[in-house]
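My questions will all concern the structure given below.
Labels A, B, C and D are assigned to the chains in the order they are written; within every chain, residues are numbered from 1.
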Amino acid sequence: MGNFKGHALPGSFFLLFGLWWSVKYPLKYVCRKNKNACYLGTRAGFQRLELIEGIIKAVFALIGMIAEQFVPDGPHLKLYNYEENHWDHLMNWQHATMYLFYCISGLVDIVAHGTNALPVAMDRMMLSLAVFVEGFLFYYHIHGRAMLDLHVHQLLLVAIFGAAICIFLEVFFRGSIVLEMFRTSLCILQGSWFWQTTKWLCIWSLLIPYKLDYCRIIQAGTEFVCMRKEGATKIGFVLYPPNGSPEWNQMDHNNMMFLTMCYCWHYAFAFLILAVNYTIVSWRVCSKIKQAQSVEMGLLKTAERDQESEDEI
Amino acid sequence: MGNFKGHALPGSFFLLFGLWWSVKYPLKYVCRKNKNACYLGTRAGFQRLELIEGIIKAVFALIGMIAEQFVPDGPHLKLYNYEENHWDHLMNWQHATMYLFYCISGLVDIVAHGTNALPVAMDRMMLSLAVFVEGFLFYYHIHGRAMLDLHVHQLLLVAIFGAAICIFLEVFFRGSIVLEMFRTSLCILQGSWFWQTTKWLCIWSLLIPYKLDYCRIIQAGTEFVCMRKEGATKIGFVLYPPNGSPEWNQMDHNNMMFLTMCYCWHYAFAFLILAVNYTIVSWRVCSKIKQAQSVEMGLLKTAERDQESEDEI
Amino acid sequence: MGNFKGHALPGSFFLLFGLWWSVKYPLKYVCRKNKNACYLGTRAGFQRLELIEGIIKAVFALIGMIAEQFVPDGPHLKLYNYEENHWDHLMNWQHATMYLFYCISGLVDIVAHGTNALPVAMDRMMLSLAVFVEGFLFYYHIHGRAMLDLHVHQLLLVAIFGAAICIFLEVFFRGSIVLEMFRTSLCILQGSWFWQTTKWLCIWSLLIPYKLDYCRIIQAGTEFVCMRKEGATKIGFVLYPPNGSPEWNQMDHNNMMFLTMCYCWHYAFAFLILAVNYTIVSWRVCSKIKQAQSVEMGLLKTAERDQESEDEI
Amino acid sequence: MGNFKGHALPGSFFLLFGLWWSVKYPLKYVCRKNKNACYLGTRAGFQRLELIEGIIKAVFALIGMIAEQFVPDGPHLKLYNYEENHWDHLMNWQHATMYLFYCISGLVDIVAHGTNALPVAMDRMMLSLAVFVEGFLFYYHIHGRAMLDLHVHQLLLVAIFGAAICIFLEVFFRGSIVLEMFRTSLCILQGSWFWQTTKWLCIWSLLIPYKLDYCRIIQAGTEFVCMRKEGATKIGFVLYPPNGSPEWNQMDHNNMMFLTMCYCWHYAFAFLILAVNYTIVSWRVCSKIKQAQSVEMGLLKTAERDQESEDEI
């Protein structure tokens, strides 16, 4: 259950934001290209979106912080255990600290886009810092673990620090669709990797129904078989095998190579999602523009006909 | 006492500069936005500020250098101890070298902003180099220490090299408020971390009177209790516990994780300071502008009334 | 034979692309300089080239993926060996993953240059990511090998990550001839180094006929003699000595230094190729322009003469 | 003697170039500021300078290559020793390879500034690569040495890679005086550090006559006394103590710290040289401009007086 908070919860946040961004940024780009034809292309509309995004981010982060502190086995704001002379629930405190910076980032978003007081570029700077702090805490979080566990987290660090650099670049190249797409892909990657390494239900294995056999093979990598036909999908994962199941060999170099590869597949998958969403958005906007144009044309034609009929009269 | 020179003195310098910058840059930004309404918005005014800043920096650095050399237990310009065949007070020499580069940076500021001879961007370049040299000396300074001690200094290196990169970027993106705020936050972080790791009085624990209990918890992390009620605040710290107190366990991974987290809190605290100062500055400037405008309006109205009365006559 | 797929095949791809780019980019640059005189200087012409390049890249990558999977000793899409409980042909899977990202990059090229839907800069971003993923997989690929083997691959990583950074910079500085030449040189370097470390025929030793003795000396470095006079060039290489030949001493520091140096010679060689191709392209284009101008001049002169003769008449 | 080629020769090259640049770039900057008043401010003049610089660089590099190969104890183009089955004079080959890339850089300079064929920015790119290759070879050069020896070379790597990055930035920010000054300072640093670590005569100790006592102290660091009064300055240095002298303790952490500090002093010294040269150049140009202006004024006045006298007549 502790793992749910640590991996599945942030994973869901990242996935949600990634999916939302994979719709928002293509929409913004397509609307900017077809300026006059788009009702959403206004700057004010997108600024309101950013504001709402900031509020949601801040609320999510607040929920995360409270959840980390006040779950039954949480620290309840106690930092040090005097009886046993050791730190109390350091993991929860670390996760709460991570959420704290996302919360600050959300607040800066709200002020920067809701009022006129703060320079707009501050939102990217704070988001970049929030991501960096996440990576920074992660980096010392994983000190002294077994090789495979370390590797799984190190892979995540690549995505996290990559995202931090990407967002930092956005401070200077604001509105670059390329950087925005890059950030989105890294965000989805993070989210899906968090889920991959959770012991919770494997959602993405449920999403590949057409190729059950292949799904089995991948899961076999975790030395379990995906029993989809029985309804209850009980799948073991890399980090936390269910009780009674054989654990992964933490020192096997081949496992490490497989995981690296698996990580790349996740990234390819993130690009697939991006491509699909981009296509849908482009297609919808284009069809709407055509519709609008044909209506306009129709109105024009009617107007002309009226004119003609008037002339005739 | 030696530690005072090494941690508390530079910490105070960094804090002072950080606090000053957290007022200066928002002021500059707000004044630039409301150009005509601001008496400080002139380029000449800010150039004079930069000049004064350079002088103060150079003087501070000079004081630092002299203090390092001529304190009672300093090297007094002696580099090598012939009697015992070892280097003499290398630490003091290193600190003096760090100050030397800040002194050079101050001199370049003075020449760049006081005369017309040097390109203005040279001031950022030299400041960036001064910060880099500080980090560079630090890096070899901490070679071969115990894990926790090393970690405390490594955390500082992140802020130092981050600041060096940020200032280097300012060479090309001069006057970017985002980079200036980023630099300010890192500067405050450095200063407060220097103080956190000193054995001097814990200033910031005195600043949190409203939540004494929480203060106790944090201090408990250092295995001491903040006895604020007795007047004399005797608090032990991470690196230098007072005599007779149990030292930190240098090899405990949990301590390392706590310190990393604590460092992040310092950073959040730096942003809090920034936010407060930014708000105050914005609010003061805006209220002054409104006042000026209302005075103007009043004068206009009086003038109009006079006109009207004249017309009546 | 397995090595052929892993080193010689990608090496050939990189060499082909490098050589093609060493013709294309100088041509583009020279044409842009002499705008009106060049039939290829049109934007549309180069966009079609990019499209074709994308198609070829995607097809090559597809061939690579299929070859990795379905060669006689390939995995045939099987990932896990249930009988012996270990991963099946992980190397092939890794190579296929590398090709996958190049394939995605090719597809993005096709969409970005063939249609109007995608921002053009996406092609560089995806290529940069494909190169980065190659390096990323390589990095964990080489974990735990012998020193010299590791070193040979690490040298490659310098070129790979260098290329990834260079292409990423092209997102922002698109069309910069300097970055394009830099990328081309790194691409040729990669290709030639892949070949250098293959046990296949040493192609570049055949290309230096004028200094056979020197060729012998280099090959001697691999403890073999280049028997060019017998027709069959049987040369052993660093990583995979032919059966029966003495292997390289994997732990000798001198071997490592030699290989580093050899790598630099490859790079100098890449620049030689670039210089030669650049010269040829410049010279051809210039001579064509002169020809065209003289034809024009001739036509003009004829026209003038006609005019004159008309006047005379 | 072998050390002379390896440290003192490149050190002299770097020092010469650094000193020349510390004159050239300030001159260029001052001339650009006072455009009409400067006979050297023409683009053509500086392009010719760049051309000459390229030629000198190429010639120096060629001399270096030949010197490395054909000194009495050089390899004479022999790479492998068949009798004893080991590499022959690998060091000399490595140094020759370094010179090779500087030679290529010189050639590119010549073509880029002498003809119109190559884009001008290529000269910075090649110089950056040449510096990078130097650092790259150095990096593997120092593998497996004693701690202090390693450290001395690692310090150099900071300057080398810093210069490579700086020159690479110049590709995009060409003509930025800040980057040019930065590069110059790193170049002087490299040169002076090469000399510091040579067993040749200590030139810079001869340059500080006014503070002999301090000079003694520094040299004492190398456990020798600078016997300046006897005429023959026999000074031992860090890496290569003269025969019979006690060597440095390679494992003492204090020695490492001293050297790091000493390196920083060298850098401060480089800035001193830069400042002095900058001042002289600025002052000379300004005085020339004033002179020219007063001559002009004089001529004007004479002309006016003539006019007046003419009027009087």
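Basically, a residue touches a chain if its C-beta (ideal position, glycine included) is under 8 Å from a C-beta of that chain, and two chains touch if they have at least 3 such contacts.
Owing to the predicted nature of the structure, the values given are computational and were not obtained by experimental measurement.
Q: Along the graph of touching chains, what's the shortest path length in steps from subunit A to subunit C?
A: Contact-graph shortest path, subunit A to subunit C, evaluates to 1.
Q: Please identify each chain that touches subunit C as well as subunit D.
A: none
Q: Based on CA centres, what chain would you say lies at the far end from subunit C?
A: Measuring from the centre of subunit C, the most distant chain centre belongs to B.
Q: Please report how many Å separate the Cα centroid of subunit B from that of subunit D, as a whole number.
A: Once rounded, the distance between the two centres reads 35 Å.
Q: Between subunit A and subunit D, what is the separation of their C-alpha centroids in Å?
A: That gives a centre separation of 50 Å.
Q: Could you check subunit B for residues that touch two or more other chains and list them?
A: none
Q: Pull out all the chain pairs that touch, please.
A: A-B, A-C, B-D, C-D
Q: So in the complex, the part of subunit B that touches subunit D is made up of which residues?
A: 77-80, 82, 86-87, 90, 93-94, 97, 100-101, 104, 117-119, 121-122, 124-125, 133, 136-137, 140-141, 143-144, 171-172
Q: Could you please specify the touching residues of subunit D with respect to subunit B in the complex?
A: That would be residues 29, 151, 158, 173, 176-178, 181-182, 214, 217-218, 220-221, 253-258, 260-261, 264-265, 267-268, 271, 278, 282 of subunit D.
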